[in-house]
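For reference, the structure I am asking about is given below.
All chains are identified by letter, namely A, B and C, in their written order; residue positions are counted from 1 within each chain.
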Amino acid sequence: MNRIIAILVFTGVPLVILGTILNWSDIFMFVISSLSIIGLAGYIGRATESLAIVSGPRIGGLLNATFGNAVELLISIFTLKAGMVGIVLASLTGSVLGNLLLVLGLSFFAGGIKHKRQKFSLHDAQYNSGLLIFAIIVAFVIPEVFSMSMDTKTTLNLSIGISVILIAIYLAGLFFKLVTHRGVFSASDDSGHELEKPEWTKKKSILILFIATMAVAFVSERLVHTFETIGEQFGWTELFIGVIIVAIVGNAAEHVSAITMAVKNRVDVSVEIAVGSTLQVAMFVAPVLVLISLFMPVQMALVFTIPELVAMITATLLVINLSNDGESNWFEGLILFSAYLIMGIGFYLL
Amino acid sequence: MNRIIAILVFTGVPLVILGTILNWSDIFMFVISSLSIIGLAGYIGRATESLAIVSGPRIGGLLNATFGNAVELLISIFTLKAGMVGIVLASLTGSVLGNLLLVLGLSFFAGGIKHKRQKFSLHDAQYNSGLLIFAIIVAFVIPEVFSMSMDTKTTLNLSIGISVILIAIYLAGLFFKLVTHRGVFSASDDSGHELEKPEWTKKKSILILFIATMAVAFVSERLVHTFETIGEQFGWTELFIGVIIVAIVGNAAEHVSAITMAVKNRVDVSVEIAVGSTLQVAMFVAPVLVLISLFMPVQMALVFTIPELVAMITATLLVINLSNDGESNWFEGLILFSAYLIMGIGFYLL
Amino acid sequence: MNRIIAILVFTGVPLVILGTILNWSDIFMFVISSLSIIGLAGYIGRATESLAIVSGPRIGGLLNATFGNAVELLISIFTLKAGMVGIVLASLTGSVLGNLLLVLGLSFFAGGIKHKRQKFSLHDAQYNSGLLIFAIIVAFVIPEVFSMSMDTKTTLNLSIGISVILIAIYLAGLFFKLVTHRGVFSASDDSGHELEKPEWTKKKSILILFIATMAVAFVSERLVHTFETIGEQFGWTELFIGVIIVAIVGNAAEHVSAITMAVKNRVDVSVEIAVGSTLQVAMFVAPVLVLISLFMPVQMALVFTIPELVAMITATLLVINLSNDGESNWFEGLILFSAYLIMGIGFYLL
C-alpha cells in the first residue's frame, strides 16, 4: 500500500510539473494530477496519524479534523478561483454521497463478506444521526427552499449567516467531544493508540505535512484547469465531474483506510471515518468555502441544485436507518452501494 | 373463511365468463371480477402456503416471494397492455399505502383491541426500515426528481437502470435472508411450521396454483376493461381507481391474513406480511413492470406523480417511526388508518 | 418569578385598557399587550396546575390539554376575525418551531450546562416520534402537496376532512393515554403529585382561570390590531411576525416552565411540555382554527407556505433523531437552538 502511494507521488508530481511546462494534453494531465493527488492524500493521512499519536487524542482529533479534508478544501479553493461555483457545490455533494454511500457501502460489504455481522457503537450512531440531520437536512435544505423567493443578494446573506453558525457548531462539537464529554464516546480510537508507535517523528511528520499540502495545492490548480476539456471530450456535465470525479479523487485516501479497517473487523472506525468526514464537509468545508468565496470574483451561496439536495437527503435518511441497529453486514453494504450507483447513473444522465 | 372464498370463486368466475359472452354492463362486471379475483387470491395464498410447508422454509420463502404479488402483477400487466400506465403506477402506490397504512393499521387496531400491547421483533423492524428507505425513498424519489430536467427517453433509461438494480438487490436480499444470514431473523415463521400440516398435497397445490393463476389472468383482463366506464360513472379519477380500488382488490388476500394473525396475537407475522409485501411491490413488481413495458405499446418510466410519491414517503416515515419500539397497540393502529383515510380523501378530491 | 408575573399583569392590563381609551401608539400598545399576555399566561398555567393537583391526573391531563394552548388559540381567533389568515398559519408554524427547537433547545442547553447528561424516557420519546410524524408530516404535507392541483373550494374541503380526523385522533390519544394505557407512560408526572400541595383552592383556581382567560381575550384583540403598523415600522413581514413574535408571546409561559424543569434535572418534564405542546398545536389548535374559520369572513385552509412546511418537517426530523437515545446534553441543546436561529434568519430575510 505504502509503496503504491510512493510511486504515485514520486512519478506523478514530476510528471505534472513536466506536463505543465511542456503543455501536455488535458486528458493526460487530468489522469496524472488525479493520481498524484491520491498519493499525496495518502502522505497527508499518514503524517496526520503519526502526529495524532505523538500529541495525544485531543490535539490528534483536532489535527484529523483540520487536515482530514485538506485536499478537498484545496481543490475547491482553486475551483472557486477559476469561477466554477457549480463544480464546487457538486464536489461537496459528491463528498457527502461518496462518504455515506460509497465508502460506508464498500466498508460494510467488504467487512461483511469476511465477518458475518460486525458491530459498531449504537451510542455514536445515534449521536451522529442527529448531527447528520442538522448538517445535511436543516442547514442545506433551509437556504435552498427559502432562496426560491429571494434575490441573489439576500440568498448570499442567508448563506453567510448559516455558514457562521455551522462553523461555530462544528467548533462547539469538537469542544464537546474532546473536552466536556470525552469519556462518553466509544474508546475505540484510544484503546489502540497507547500501544501504537508513530510511523514518523513529530518533526518529520510536520515537514511531510507541509510539503505534501503545498504539492496538493500546486497539482490541484493544474487539475482544475482540465475540467472544461474533460467535460467536452467525455460528454460529462459539470455536475457529473463534481459529484463523481472530483469527489472520488478528493476522498480517495479516506476510502482506502475505511475499507481496510472494516476488513480488519474494526467497522466502528470505518463508520467514524465516513460519517466524521461527511460532517466535516457539511459543517466545516462547505461553510468555509462560502466565506472564502466572498473574496473571490464569483461568490458561492450555499444553494445546491434540487437533484444534489435530494440525493444528499435520501442518502442521509438511508444511512441513519441502516445503522440504527449498531450492526452491519454485506447486504447493508450492497444497499448503500446500490444507492450510490442509482444516484451516479442519475447524475450521469442529467 | 374458506367457504366464502369457495363461493366467490365458483359463482364469480362462471359469471365473469357468462358476462363476457353476453356483454353485461361494465359496472356489474367490475363488481363480479373484483370479487372473483379476491377469491382466487385466497386459493393462490393457500396453495403457496401448503407448498411452503412441504418444501421447507427456503423454497417456501421463494414461493411466497414469487406468488405473493402474482395477482397484482397480472392485473398490472393487463392494465399496461391496455396502455393505462397511469393506473399501473397508481396501483403500485396503492399497494404500498394499502400495506403500510391500511393492513398494518387494521392489524395493530384489531390486535390491540384484544391484547393491550403486542410485541414484534425490533431487530426485524430495524432491518426493514433500512430497506423501506432504500426502496421507497431512494429508488422512487431519485427518478422523479432527476426526470424533471430530462427528456422522456433519458427518463426511461434511468428507470431501466434503477429497475435492474432493484431486482438485483431484491434477489440479493432473498439470498441474504434465506442463505447467508438465516438464523439472524426472528424464528417466528419456522417455530410453527414443523408442527403444521399442509392443507393440500404438493401435487394438488401445484395444480391449484396453476389453475388459479390462469383464472386470475383471464378475470384481470376483463376487470381492466371496466375501468374507463367505472371512472366516468362514479366520477372517480384514474388516480383514485388505481390507488384505492385496484390496490384493495389486488391485496385483499394479504389484508385478511395479516389482520387474522394480529387478532391471534401474532402481530409479528402481520408486520412481516405488510412490510414484506410492500418491499416486494417496490423492489420486484414495480421494476419488473418497467422492464415488461418495454415490449408493450406504451413504455412505463418509474416516475410517479408528486402526490403519489409524497404519500408513499410520508407513509414510510410514519411506519418506521411507529414501529421503532417493537410494540403495537390500538392507538398506533388508529393513527396508521387515519393516515390512510387522509390520503384516500386527498386522492378522491384530486 | 411569581412576583414578575404579578407585576406584568397588574400594571400591564390596566395600561392596555387606558391605552385603548386614549388611543396610544401601536408600538407601545404592542409591547404592553405582549407583556400582559405573558403574565396572564403565567396565571392560567398556575391555575391549571392547582386544579390538576386537586382533580387527579386524568382530569388534570384534560385540563392541561385544554388550557395549555388557550392563549395561543385566543390570539389566533382574533387574528382570524381580522382576516389575517397568513399570520395565523405563521403563528402555528412558530409554535411548532418554538416548542421543538427553542424551548427544547434551551432546556437541553441550560440543563446540560448544570448536569453532564440528562435522561428522559426513551419509551415516551419513541411514542412521541410516531405522533410527530403523523401530525406534522402526514397531516400538514398532504394538504399542501395535494392542494397544488386543486381549486380553493376543494382544498378547503380536504382541510375540513383532515381537521375532523386530527381532532378525533387527538381525543383518541387522550383516551389512550389517560384511560386504556395509563400505566404504560412514565410515572414522572404522578410521582410528585401525591406529595404536592396545590397553590390555590379549587374555587380560587377556577375563578382565576376564568378571569385570566377573559383578560387574554381582551388584550389579544388589541395586540392583533397592532400587527400591521408593527410590520411597517420594523420592516417585518407577516411571516416573521407570525413565526417569531406571536409564537414567542403565545408560548412564553411554557418556555419558562420547561427550562426551569430542565435546570432542576427534570428534563423528562421539559420534553413532555415541548413535544406535548407541539402535538396539541398540530392536532388540536390548528384543526379547531380551520373549523372556526368556517364561520369567519375569510376561511383558513390547512395549507402552509413551502418555507413554513419545510421548516416544520426538518425541525421534526431533527428532534426525533436527537432524542432517539433518551439522553440530552448541552451540545444537543445548542444544535436545536442553532436550527431555530437558522430558520429565524431565513424567515426574517424572506
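Here, a residue touches a chain if its C-beta (ideal position, glycine included) is under 8 Å from a C-beta of that chain, and two chains touch if they have at least 3 such contacts.
Since the structure is predicted, the reported quantities are computational estimates derived from the model, not experimental observations.
Rounded to a multiple of 5, the C-alpha superposition of chain A onto chain B involves a rotation of 120 degrees. For the pair chain B and chain C, the fraction of shared interface numbers is less than half, so the two copies use mostly different residues to meet. Separation between the centroids of chain B and chain C, computed from CA atoms only, is 40 Å. Each of residues 324 in chain B touches at least two other chains. Contacts from chain B toward chain A in the complex involve residues 123, 126-127, 129-134, 137-139, 141-143, 145-146, 148-150, 154, 157-158, 161-162, 165, 168-169, 172-173, 176, 180-181, 184, 320, 324. By the touch rule above, chain C contacts chain A in their complex via residues 116-117, 306-307, 310-311, 314-315, 317-318, 321-322, 324-325, 329-332, 334-335, 338-339, 341-343, 345-347, 349-350.
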